[in-house]
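One structure is given below, encoded as structure tokens.
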Amino acid sequence: MEKLLKRLIEKNKHMARHGKVASYIPVLGKASPNDIGICIMDMDGNIYGSGNYRNKFTLQSISKVMALILALLDRGEEEVFSKVGMKPTTEAFNSLYRMDLPDKWIPSNPMLNSGAIITTSLIKGKGREKSDRILELIRDITSNFNIDYEEETYRSEKKTADRNRAIAYLLRDMNLLDGNVEEVLDAYFRQCSIEVDCVDLARIGLFFANKCKSYNIERGEHMATLAVTIMSLCGMYGFSGEYAVKVGVPSKSGVSGGILGVVPNRFGIGVYGPALDRYGNSIVGCKIMEELSKELNLNIFE
Amino acid sequence: MEKLLKRLIEKNKHMARHGKVASYIPVLGKASPNDIGICIMDMDGNIYGSGNYRNKFTLQSISKVMALILALLDRGEEEVFSKVGMKPTTEAFNSLYRMDLPDKWIPSNPMLNSGAIITTSLIKGKGREKSDRILELIRDITSNFNIDYEEETYRSEKKTADRNRAIAYLLRDMNLLDGNVEEVLDAYFRQCSIEVDCVDLARIGLFFANKCKSYNIERGEHMATLAVTIMSLCGMYGFSGEYAVKVGVPSKSGVSGGILGVVPNRFGIGVYGPALDRYGNSIVGCKIMEELSKELNLNIFE
Amino acid sequence: MEKLLKRLIEKNKHMARHGKVASYIPVLGKASPNDIGICIMDMDGNIYGSGNYRNKFTLQSISKVMALILALLDRGEEEVFSKVGMKPTTEAFNSLYRMDLPDKWIPSNPMLNSGAIITTSLIKGKGREKSDRILELIRDITSNFNIDYEEETYRSEKKTADRNRAIAYLLRDMNLLDGNVEEVLDAYFRQCSIEVDCVDLARIGLFFANKCKSYNIERGEHMATLAVTIMSLCGMYGFSGEYAVKVGVPSKSGVSGGILGVVPNRFGIGVYGPALDRYGNSIVGCKIMEELSKELNLNIFE
Amino acid sequence: MEKLLKRLIEKNKHMARHGKVASYIPVLGKASPNDIGICIMDMDGNIYGSGNYRNKFTLQSISKVMALILALLDRGEEEVFSKVGMKPTTEAFNSLYRMDLPDKWIPSNPMLNSGAIITTSLIKGKGREKSDRILELIRDITSNFNIDYEEETYRSEKKTADRNRAIAYLLRDMNLLDGNVEEVLDAYFRQCSIEVDCVDLARIGLFFANKCKSYNIERGEHMATLAVTIMSLCGMYGFSGEYAVKVGVPSKSGVSGGILGVVPNRFGIGVYGPALDRYGNSIVGCKIMEELSKELNLNIFE
């Protein structure tokens, strides 16, 4: 397995030059575009890693999956899905699409920023308590209590967040978000700034692949399926459809270059490659996932 | 199995009264809203049916899957997917969304009317030859050479097709559709009017479940996966996301009340129930699929 | 006056090189981009012309003003304005904007293609009878019975009309257009192809400037004000706002390069200059109108 | 004249019951829906008033005209109109329309909230200094130094401003708004809360009708025409087109029920009637303006 991972990295890492490191906040721009790492964990707990798989990076949008799970546990499906849909969409992750329309509108799904700001707002606790609960859950799942916020990223995001701020105020205007907007946003920026490596991601992937078993999660199996389904439909930003066709592994990406992959009942996967394609996904990461899927028959649609 | 099917029908058929038979063309409005039938076929060719599973109904949007396959075989993936995307969407099936924008736009996916009119246009042959090839393929797959167009439906659709006509002219205006618009539309209406029963649908489902094997389909396995993936993402109109979460069986519905279901490597499924929910899917059919999926563990995301 | 006109032409004609002759139909593309003509007629019937003011060109969108007047005379304000609004808009003339929305929608105003196709449909008579009535009205106003359709333009427009065809089918789908779509479109293309020169346009302008007096028009004064107001708000495509601010003369342009100007109680104006700006208005024509407005204090907002 | 005004009030005041007082902030909801007042001032300074024309109310959107003038004086036309258009629109005053699109977008005009927030941001000075300059200008124009902010309204608006806050953050995200968002919004809410009566409004109207003469305004004549034109095109929210057709008096309304009317070279008009139509305009006020326009031939399009 490690050989396979190494081979895939060697074969594809040259593609990094077609991608671009995220730069909307300075700290993300510091990443080395040629870094590429991958880690796979199987149901027996075996860990296989290659490349820069111990590099650290922030969760960014990958945290949306965890926020969804906690919102569901705290509020139940009915309340959560009355405020955010489970509809895949072609819209960009930071879309305001149809927020302007008079009819009853809710964000299409919790993988969009608008949807994720809502799920974060639904997590119990005030401000930082919300993101602390996400952090705690991740520490618990990974058994890695060194995981923490990356403060510089957090502060940067908070400072350059005009669009997310606009989205949050709109959501409150539409009665989809309660409470203090700045507090919710603070939690949202904090959860995005949680710092992990590929091993941590693979452990999170395995947590879902294994149906949340051996964790004290209410209706854990159902929660896992729900997360896996939503990742399958809309986990890779505007590339979700093509990714489903080409890779077929339920995944969630972040603009830091991370990809969380879940192969139900088989593997958890963590990938890191900060050079991004135009959708905001790791360009080398997607390619490696595509080839890995073929090599190991990971495609759930086959 | 037949007992299970019967039980699911008995338990859920009362929900038909919350649905409504399609009425945009008179002939569809004649269907009995309380009819409900289901047929399952396994990999050994065993057929299990219950309820009105031998009732006949027209394919309607289910034909879009076949048009996609033929377009891919005739033109190759590159050409097809340069004119129609593989992106799931929240837009309605007859959406004109963003057709108005100046940038390079293509329909989100081939399950929308706009996308399906394009795939039909890409099938080789002129006018009726296109739909005849779809008919032929279906006869071949089902070994049922009695399958034919339902002429009254075809004529009705053709007469009340202002919106599809508008879509087709727009597509030509955008250089996404070549040739004679009326000829393409004629083929499109014809393919929608192909008349089948649940057994035929189950056979088509099995064709995909079995990866197009034992048919002379180029790259058949890949074609099957492609169809299954796109059905998973956008086969159930605006309900596709919720259906994936609740049912998890790759499916395609039509406004006549039919549902084509594919459980890769296991089953082909055909359902018929003309009472529709607000998205245009069989209301009883969806409920039965949900419970069947739980009973037989059909959910591909689990 | 003629000196002034000549001076304005000399001063501004060099701007033609920043514009482009319309080319969506070949016959329009044959116009000489450097041609520029203007004609002014005062309330005493004095005619002042300069440059290529006797060149012939087709009315194109200028015909929308006449179609509006006839629709109002034939059907009354209530019926007409229940199907087309009197709201100015930033949308492009061939916009489908919000045609896709479920709520009760009507085209913003009768200067958009969508609105004009409706007003044409409301003129009494079948197919060509509609446009013949527009032709007749124009002959009557101008006392020029040589005015006729330019057949080549008409045939070209008809052949390359996918977008207008799409708009018309959509309008029928929305119950805003009755009757045979192709017949209505035929009348629409015919009215666009009526061929005039600047003297004819100036006479039409004077007809409105003089409140339709001495013509047998029911509520003529009111009709004139209505036409003048709508031209002020939305007569110059997407440039209407800027034109109101800079020129302040109620005007309607066409992609052939014509501009119809109305100075209530003072002048009728006809301009021709086929080099168009990016909005579809005569680029030299707009500039000359701006300076003429300043020289003769024509701005109605002053 | 006073008789005429009284007659128009008596005849139309019953229509107030078809309207509704604005209630998005509590203090507006306290207005008496049946109040109706009007004041006209002619070029000789004669003042004619009737009804509740000495009632006080806040400027609300009427302040947008003053913000535009100051922004133009402080920054020049080129800078202002590079950030906000002069295009009329069918969009609602609080629209986010097309803010979501990737292409170079600017608000259609300075009478929309988005456009007005920009013009306020362009007025020189920090935070409250901006609105103080508007207050000063109004005191100067009206020679009424008692005019001041209505503090309760100001505080209410500031508290319930999620949508305007969202718009402002979006504008900054699009590089259309510099500086501190909360400071700009503070100035915007302050200018909306300036309290006047119909006499004050009529004086402001006369200021424009008289082309800013006898005030020390640079290019005053041009500024007046600009304001008058933009009020004509988009001063009455979504009703601007119909109002131009029916009334033809350049006007700007506010949700407090005020209407500022300008008849160039003849009159300044102030109307107050807090019962609003569905567009946000004084329902009785619009009707009185329509009849007044007919009685005194005020329509600029005639």
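By letter and in written order, the chains are A, B, C and D; residue numbering begins at 1 in each of them.
To be clear about the criterion, contacts are C-beta pairs under 8 Å (C-beta built on N, C-alpha and C of every residue); 3 or more make two chains touch, one makes a residue touch a chain.
What you are looking at is a predicted structure, and each value in this text was computed from that prediction instead of being measured.
With chains reduced to the mean position of their C-alpha atoms, the one farthest from chain A is C. Of all residue numbers seen at the chain A-chain D contact, over half occur in both copies; the interface is built from largely matching residues. Averaged Cα coordinates give chain C a centre that lies 32 Å from the centre of chain D.
For this pair, chain B with chain C, the centres built from the Cα atoms lie 47 Å apart.
If you average the CA atoms of chain A and of chain C, the two centres end up 55 Å from each other.
Here chain A touches chain B in the complex through residues 85-91, 108-109, 225-226, 228-230, 232-234, 238, 240-242, 244-245, 248, 250, 264, 299-302, going by the rule given at the top.
Residue ranges of chain D in contact with chain A, taken from their complex: 95-97, 99-100, 162-163, 165-170, 172-173, 181.
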